[in-house]
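Remarks on the structure that follows.
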Amino acid sequence: MKMIQADGLSKTFRVARRRPGVLGGLRSVFDPEVRKVMAVRDLSLSVERGEIIGLVGPNGAGKSTTIKMLTGILVPSDGEMSVAGLNPLHQRRELAKHIGVVFGQRSQLWWDLPLIDSLRLLRHLYGVPQARFNANLAQLRSMLALDEFIDTPVRQLSLGQRMRGDLAAALLHDPELLYLDEPTIGLDVVAKARIREFLLKINAERGVTVLLTTHDMDDVEALCRRMLIIDHGRKLYDGSVSDIRERFGGERTLAAVLDPAQLATMPHDADGQLIVEDLPAGVHLSRSEEPRIWLGFSRDAIPAHELVAWLGARYSLRDVTFQEPEIEDVIRRIYEEGLLLQEAGIP
Amino acid sequence: MIENITGDLRVYMHFLGMLIRSQAQYKVNVAVDIGASFAITSLEFVAVLIYFGKIPSMLGWNIGEVAMLYAVMSISFGLAEMFGAGIDAFSDTIRLGEFDRILLRPVGPFTQVVGSDFRLRRLGRITQGCMTFVIALHLLPGMHWTAAKVVALAIGIGSGSILFLSVLILGATLCFWTVETTELINILTYGGRDMLSYPLTIYHQVMQRFFLFVVPLAFGSFVPTCYLLGKPLPFGLPGEMVFAAPVIALVFALCTRVIWQFGVRHYQSTGS
Amino acid sequence: MLRFYLEVARTAFRRQLIYRWANLAGLLTNIFFGVIFSYVIIALFHARPTVAGYDVRDTLRYTWLVQAMVMVVLTFGWYDLMLTIRSGAVISDLSKPCDFYWYWFSREFGRNIYYLFYRGIPTYLAGMLLFGFGIPVDWRFWLAFLVSLILGASIGIAYRVLYNAVAFWFLEARAFGSLFVVVALFFTGSYVPIPFFPQWLLAIIQWLPFNGLINVPAEILLGKISENALLFELGRQMLWVIIMTLVVRVIIAVAAHRLVVQGG
């Protein structure tokens, strides 16, 4: 049985616009000027049990509207769906017992209370039997290393600790399906890695299905084999992550600040543009704004640390940073290069 | 259905326990808050005393009788404010998107909203109500108490709390459509409280009928107080109507509940 | 510089225009409370024709004047300054090339004018229509009333800044704020007309700053203050404007100094 099966989901919002002026405002009350906005159009989705699937798209693409419909918070304008064998529309309360939800930007923990108190209250909210709760809590405590802050009021936790607490909170009742909305937003690299590792582990050990919305392509690459790209409420891509990465996401950018004195001695072309000589294969100078240069390189051509070493051996570097491809870039390139759904071979 | 209700009630008790425990952590703060609330609400009652310092009676009600009415009102409104703090803050719940979270849990949204807050500091108004009650007893030395009157007082306060809680729910329901005009509901809550702290019969007929038959807040204060004091009710209503107050309160609560559920459905179709 | 403050006031006025629906709801609430108080007064005056030289009509006018002025002079729930202190935005406000207090004063004055036109005047007109008590028409009283109202509003602004400034020391000052507002409401005649207070309390109240907020302008317009006493009352209001403004400025200076020394 599929974990999520949705066919032709659509959601239209009616947005009332107010006319300017006092009289206009009054008129708008009785005769509102309504504009229809299609947040999601004809979206179909099928997710197997045990999958980790990434839902990506720019802001306002319809990601959260889709998740709200799949959880039963929002009634779709059109379409059929079934989640964990239940109908989210008519069995919202029942469904709630089978799913866990984490919003990266909004904690469900009680601000003033120690984490453990929130977890205990959630036990009652979800009606988890005491023995089951104890076993789950013990497991989550060790997997997420909660012990160091479990008795601290939530408001005093760091963002990373809070996110670990929220993950524990969402998993106490053994959900079969976990929705994650921007789970790593605002976290540092170490905290991100820790969260990703945990998600892979519960997916492997408990078979929890994970549906994840994110801005961070790294999240998708680290966690998902399959991804869905949504833009303007429409499904743009549904297929393997590696495919997308090869075709569009492979290129990373290294930004380096060079020594201005050394820059003066380097060759320039006729237009006064800097020339970097003997670049390794697969690396090209994409932009220069002295003393700053940007080098584009494909992941497979050369490992990042080797490129830094190569550069360091020739030039005196003031600063080096890496830029990952943004989801917006990937989408732009999908449009530019005309990769449409049919092409990606969606069944 | 029944299973859901008992389950929700159990969850509410857990919410309540936790809210009280978390406020009890800051004992000094809570004590200061209760004291401030007591001072503020007492000042409001002092205003009534000042009026009666200059004028002996108000359409047949003397100061002791008005104090009794005022006391019943303060206690029932104080209880409603204390238990209904979560409903009162509902516009924030909507604005911050917290209502989505509430819909994601397997407990009725209503239980979670009511359970989201409980304010110990409202004990200040309840304390003031009790003090005013003692003052009223002192000012009414000839008052004759019977068992029926004690019952009437208890059900009056209970029904009054339920009625005020229902009005708070009506105000919260309005938030599903707009969070801009929520001040309007203050007319029914704070306005209703201030209005019914004085004898209902001093007001315009339309207002009397409104608070007896449409939003029956008078059944939580004026009607029981009239029974205690042996005063006639307007429109020829029998004094024993006070014993119907719980039924009236429950019917009104059920009506607001239906409207609330309509609001939730509206939220689920607009998501705003 | 005056141009700048005028512009600040104008912007504050215009910003308030956005909250049209909220204001309408607030207006209806004001009117409803006015109606309640009116019935209480009418019921009380059944027992006696005049109290402290006020008959029913005078008392109704007084009550509605208070209802009309209360949002103008004593904007409830005003914590704007406190919020800037909590968010730290106050530091950039303090370093602006204008006077911190006059900056807030102009902002608030702009809002006061908004409330005068969109809250105060409609409230009084509603009361007039509902209870038919008319309005005093002597132009000399109106002139004095206007001066007195401006003085009252100035005391009100200083008072609001004062209880907001508590946040420089305690970040959560809302509890203080509501206590400050209720005390002010009581002693301005919002619960009971000041002339109804017992004699001994009146003697004290007359020398409190609250008296100048609403009660003095209201009594002036009702012609309850004789021409001889008029200048004295206005002078007493002026005195409170000066004292309150100075006190608030000293407190802000101390707080600002503390912020600079401790770096927030």
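Letters A, B and C name the chains as they come in the text, with residue numbers starting at 1 for each one.
Definition applied: a contact is a pair of C-beta atoms (placed from the backbone, for glycine too) under 8 Å apart; a residue touches a chain by one contact, two chains touch by 3 or more.
Worth saying up front: this structure is predicted, and the values here are computed from it rather than measured.
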Next item on the list: Have a look and report which chain pair racks up the highest count of C-beta pairs in contact.
Entry: B-C
Margin query: From the C-alpha centres, identify the chain that is farthest from chain B.
Written below: A
Next item on the list: Using mean Cα positions, find the chain sitting nearest the overall protein centre.
Entry: B
Note to self: Roughly how far is chain B from chain C, centre to centre by C-alpha average, rounded to an integer in Å?
What the structure shows: 30
Next item on the list: For chain A and chain B, let me know how many angstrom lie between their CA-based centres, rounded off.
Entry: 46
Check: What is the distance, in whole Å, between the centres of chain A and chain C, each centre taken as the mean of its C-alpha atoms?
Finding: 51
Note to self: If I count partner chains per residue in chain C, which residues reach a count of at least 2?
What the structure shows: 21
Next item on the list: Spell out the part of chain B that touches chain A in their complex, as residue ranges.
Entry: 4, 7, 10-11, 14-15, 18, 21-22, 25, 96-98, 100-101, 103-108, 268-272
Margin query: Could you list, by residue number, the parts of chain B that touch chain C in their complex?
Written below: 32-33, 36, 39-40, 43-44, 46-47, 50-51, 53-59, 178, 180-184, 186-187, 191, 194-195, 198-199, 202-204, 207
Item checked: Of chain C, residues touching chain B in the complex -> 19, 21-22, 24-26, 28-29, 32-33, 36, 39-40, 42-48, 51-52, 175, 178-179, 182-183, 186, 191-192, 196-198
Check: Taking the complex as given, what residues does chain A use to touch chain B?
Finding: 13-14, 65, 68, 71-75, 92-94, 96-97, 99, 101, 103, 106, 108, 110, 112-113, 117, 121, 124-127
